[in-house]
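Both complexes shown next keep chain A, but they swap its partner, so chain B is in the first and chain C is in the second.
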Partner chain A sequence: MIRRMDAVKLDVQKLVAGYIPGHPILHGVNLKIAPGQITVVLGPNGAGKSTALRVLAGFLAAESGSVRLDGDEIVDLPTYRHIESGIALLPQGHSVFPDLTVAENIELGGWILRGDRRRLHQAVDDVFTRYPHLRDLRNKSAGSLSGGQQRTVEIARLLVSNPRVLLIDEPSVGLSPVIASQVYRELTALKAEGRTILLVDQDIRAAIRIADYIYVLNSGKNEIEGDRAAFEGDLGALVRGWLGV
Partner chain B sequence: MVTTVAGIVANGILLGLVYAIAALGLSLIMGVMGIINVAHSAFIMLGSFLALGLLEWAHIDPIASFFIALPIFFVVGAVVYRLIVTRVERAHQTQGLIAMFGLMVLIENLGTIAWTTDTRVITVGYSNANLTVGPLIIADAPLIAGVLAVVLILALRLFLHSTMVGRAIRAMGQNRDAALSLGINVRRLSAIMFGLGIASAGAAGVALAMIFPFAPQTQIQWLAWAFLIVVLGGLGRVESTLVSALMVGLIQTAATAFLPFDYVYLILYVALATILSVRRQGLRGVARRAI
Partner chain C sequence: MFALFFLPSRHGQRRIVGGRLATLAIAAGLVGYGAMSSNLGAIDTLGTVFMYLVVTQAWNILGGYGGYLNFGMVTYFGIGAYASAVLFQYFGLSPFLTAPLAGAAAALFGLLIGIPTLRLRGAYFAVITIIITFAVQLLMLDLPFTQGALGIFLSPLAANPVFVERLFYFIFFALAATATTLVFAVENSNFGWALVAIREDEDAAEVIGVRTTAVKWTANALAAFMTGTVGGIYAQRILYIEPTGTFALDISLNVVLMAVIGGAGTWQGPVIGVPLVLLVAEALRVTVTSEVNRVIFSIIVILIALFVPGGIMGLLQEVRRRMRPLVRKSAGETMPRTGG
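Coming up: the complex of A and B.
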């Protein structure tokens, strides 16, 4: 399927990357992430989904290929420059700082704003307004919260720097189905605000439900792609069967 | 008897405070960065010789040298981080241990070449003076060293808990990837953390030189002491390092009051074994590496 779109927020071309030089996990992956949409990357274990996210977030250097954000090349920039460019990563698993309070966790989400204390305080306040229940928990250590509350802190922390592109890695891992569905609702709400989301997920059904466009990777290469309608029909059954879910 | 116990407690606390700053850098570097800096005690030794040099050549009192040592050793620590630690910090922990062991041997041998193996003492006006409070007699040098240690401990704690950079350093120690994902430049903060750890080692060297004789080869004794405190207190918390160091100071002072000094090591290590057999994670009782 050839994808037509008017604008590309994040354009990944022929990306080759891995953890050991000369032994890439990604073998020329191509992704076009449309602005204001949820793009989902699916694939079996070892397909290279999380590796792709780590390269896009600047955690991992690419061996070759291109990553353009709004047309600007960012593939060789260090992690903090990716954040400054407006890309934020929600890593897989719990990532709160357990010994820091909720307020300290959220304030650190605005690390790149630290030079402008007024703007930072306003951004933190906006996040507490968005998630009022966190304001009541602000002085509790983040490690003492429930799994769902910790996930909310992580998402809230992500939003302090007001990123344009959110890279979300397996957001439902370790969460109960009820809490996981709240997380997916939150992602839909973030999309409604105009944010661009790239979601990597093992929960194929949940991911397809909120996706605008879906890529399937296998062995570090593009396998198939299509919009949600295509994946909700026969193609979805085909992929689910192929992935064994 | 009451006077004797009060004296032991007072002197034990003062000694413990100095031990706390000797161990703090080791604990913080290990807790935040996962680097077992066995060269820590070599920087303590360099701090002692810095105090001696400043006193002999420039007539600078060790109290001033304590504060002079902080920025000097901070820069030294940041340079060591950039030249050595960056090459091994993401490798297996053994490689870091070997690199720091090599650095310790290098510094000790350079120290022996520069200053020989002769034991030195720092003698200033208050070295042999005492403060008398009723029946209690406290030597001035440990008192001054203890007060300097309190200032450094409070400053470090204030930095780590009340500044955004300090909180980012604590966050980095708890989840490096998550810190990276927020745009925190972990390499720069690691250089700051390593610099702070070495700065506290250098300052501890000045404080210890106000109380104890020193020579290049005696640095290994401070490494054993610092490790004892870190193992007892757990990694990376200012408070737990302080509590652990105070315990060591009190036990040492009490043992020295009633027994020959040779027994002090035996008693301390038996106490360590006993505590660890009851609480396997040390006094703190928490397995997680965090500050």
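Coming up: the complex of A and C.
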């Protein structure tokens, strides 16, 4: 299935990457991430979903291939340059700074704005306005919060630098279904603001529900792809059968 | 320490000004004592306190703020001591010149050794720092210009012992004040926040854009420079260095102990921990003459580790935190402050 789109925010071509040189996890993965949409990457364990996300965030060097953001090559840039380019990663599992307060966590989210204190304070204030319940928790240590609250702090921290592309890795892991559904609603709201989202998830049903376009990886290669309608129809049954869900 | 009075702080101004005035008063008292006292034993002990304070503050940068527990600070100390001794012995350089060069030698070593070691985390990093100490110690035994186990003898700076003791007292005092001021500045800087973020969660720190590798290298090199400089001066003070004593693991362990007991990750921690540990150990050594003094000291350390994990500063901060609502209530403030 060939994807047709007018614009590509993030263009991944023939990406080869892994943790041990010469033993790649990704064997030439291709992804075209449309602006202002939610693109979901699915696949079984070991498919290379999180590895792809780590390369796109600049955490992991690619052996070969290309990653273009708005046409500019970024594959060899370090993590902080990716963030400066407007790409932010929400990693899998909890990533708050546990002994720091909620306010400190959120302020650290604006690390790349540290040279402009006025802009940083405005960005932090905007985030507290967006998540008013965090204002009441601002002096609590982040590690003492519930799992759902910690995830909100992580998302809030992510937004301080106002990224245009969000890379989200397994956002519902460890959360109750109610909290997880709130997280997915938040992702939809972020999309409505015009942000581009690349979501890697094991919760296939929830991910497909909010997806505009879906890629399935298997053993580090593109397996199938299509829009939500295709996956909710026959293709959905095919994938569920293939993944055993 | 004097500069602490003038530097800005992110804490409440009234409390800080009071604290800074007290710090200034203590510093002035120490200067006066060094100039007036004829008790050479006390001058010598205080000089040692200042020396350890520099090394412990140096450890504090990467260990306390960054969470990288270096159990091999004596490596930088020993490299500095040997660099100073060799430069003095073979090249006739002034001890006042050899000290910063000793610091530079240790910093260079710290930068190079940091390339492989700072990739390790947690216990792996701690263990490798001990192994490096032993490796460098063996190297000093084998290198021709270090004169192996015989060590290097140095000439005294002056014949008058009172003058020499006072001189080192003031040198170590000045370095301790500078180191403490530097750590205070680190604590209140973006660099300090970067280290704290690394300590809290290194991956998350990278996610927000902290250049973790550069920050760790800088912290390590800075710590190595400070420690190497002090090591260089130590060699000129003790006038004889050899591998076993100069690279004694005790020094590294003491430094960690002092920082942890005082409160790692705060500039005040080493200021409290260093004199406390040295003076308690000395008092026990004098009053309990058998080896039992070490057992008692160990028990005290274990009790502190168990019941005051944040060190004395952690305890004080906890007390202050619990007192805050009472103070607010008495001041008529009944609702907690909220807002962005």
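Going forward, the second predicted complex is superposed on the first by the 245 of 245 C-alpha atoms of A that agree within 3 Å, B and C clash if a C-alpha of one lies under 4 Å from a C-alpha of the other, contacts with A are read in each partner's own complex, and residues count from 1 in each chain.
FYI, a residue touches a chain if its C-beta (ideal position, glycine included) is under 8 Å from a C-beta of that chain, and two chains touch if they have at least 3 such contacts.
This is a predicted model, so every value here is computed, not measured.
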| item | value |
| --- | --- |
| Fit or clash between chain C and chain B when superposed on chain A | clash |
| First (chain B), second (chain C), both or neither touched by A:100 | both |
| First, second, both or neither for A:135, with chain B first and chain C second | second |
| Contacts of A:27 with chain B and chain C, given as first, second, both or neither | neither |
| On chain A, the residue positions that both chain B and chain C contact, one per complex | 57, 59, 78-80, 83-84, 88-89, 91, 95-100, 108-109, 111-112, 114, 157, 161 |
| Residue ranges of chain A touching chain B (in the complex, touch as defined) | 57, 59, 78-80, 82-84, 88-91, 95-100, 104-105, 107-109, 111-112, 114, 157, 161 |
| Chain A-facing residues of chain C, complex | 190, 193-194, 196-197, 200-201, 203-204, 206-211, 336, 338-340 |
| Residue numbers on chain A that touch chain C, as the complex places them | 57, 59, 78-80, 83-84, 88-89, 91, 95-100, 108-109, 111-112, 114, 124-125, 128-129, 135-136, 138-139, 157, 161 |
| Residue ranges of chain B touching chain A (in the complex, touch as defined) | 164, 167-168, 170-171, 174-175, 177-185, 288, 290-291 |
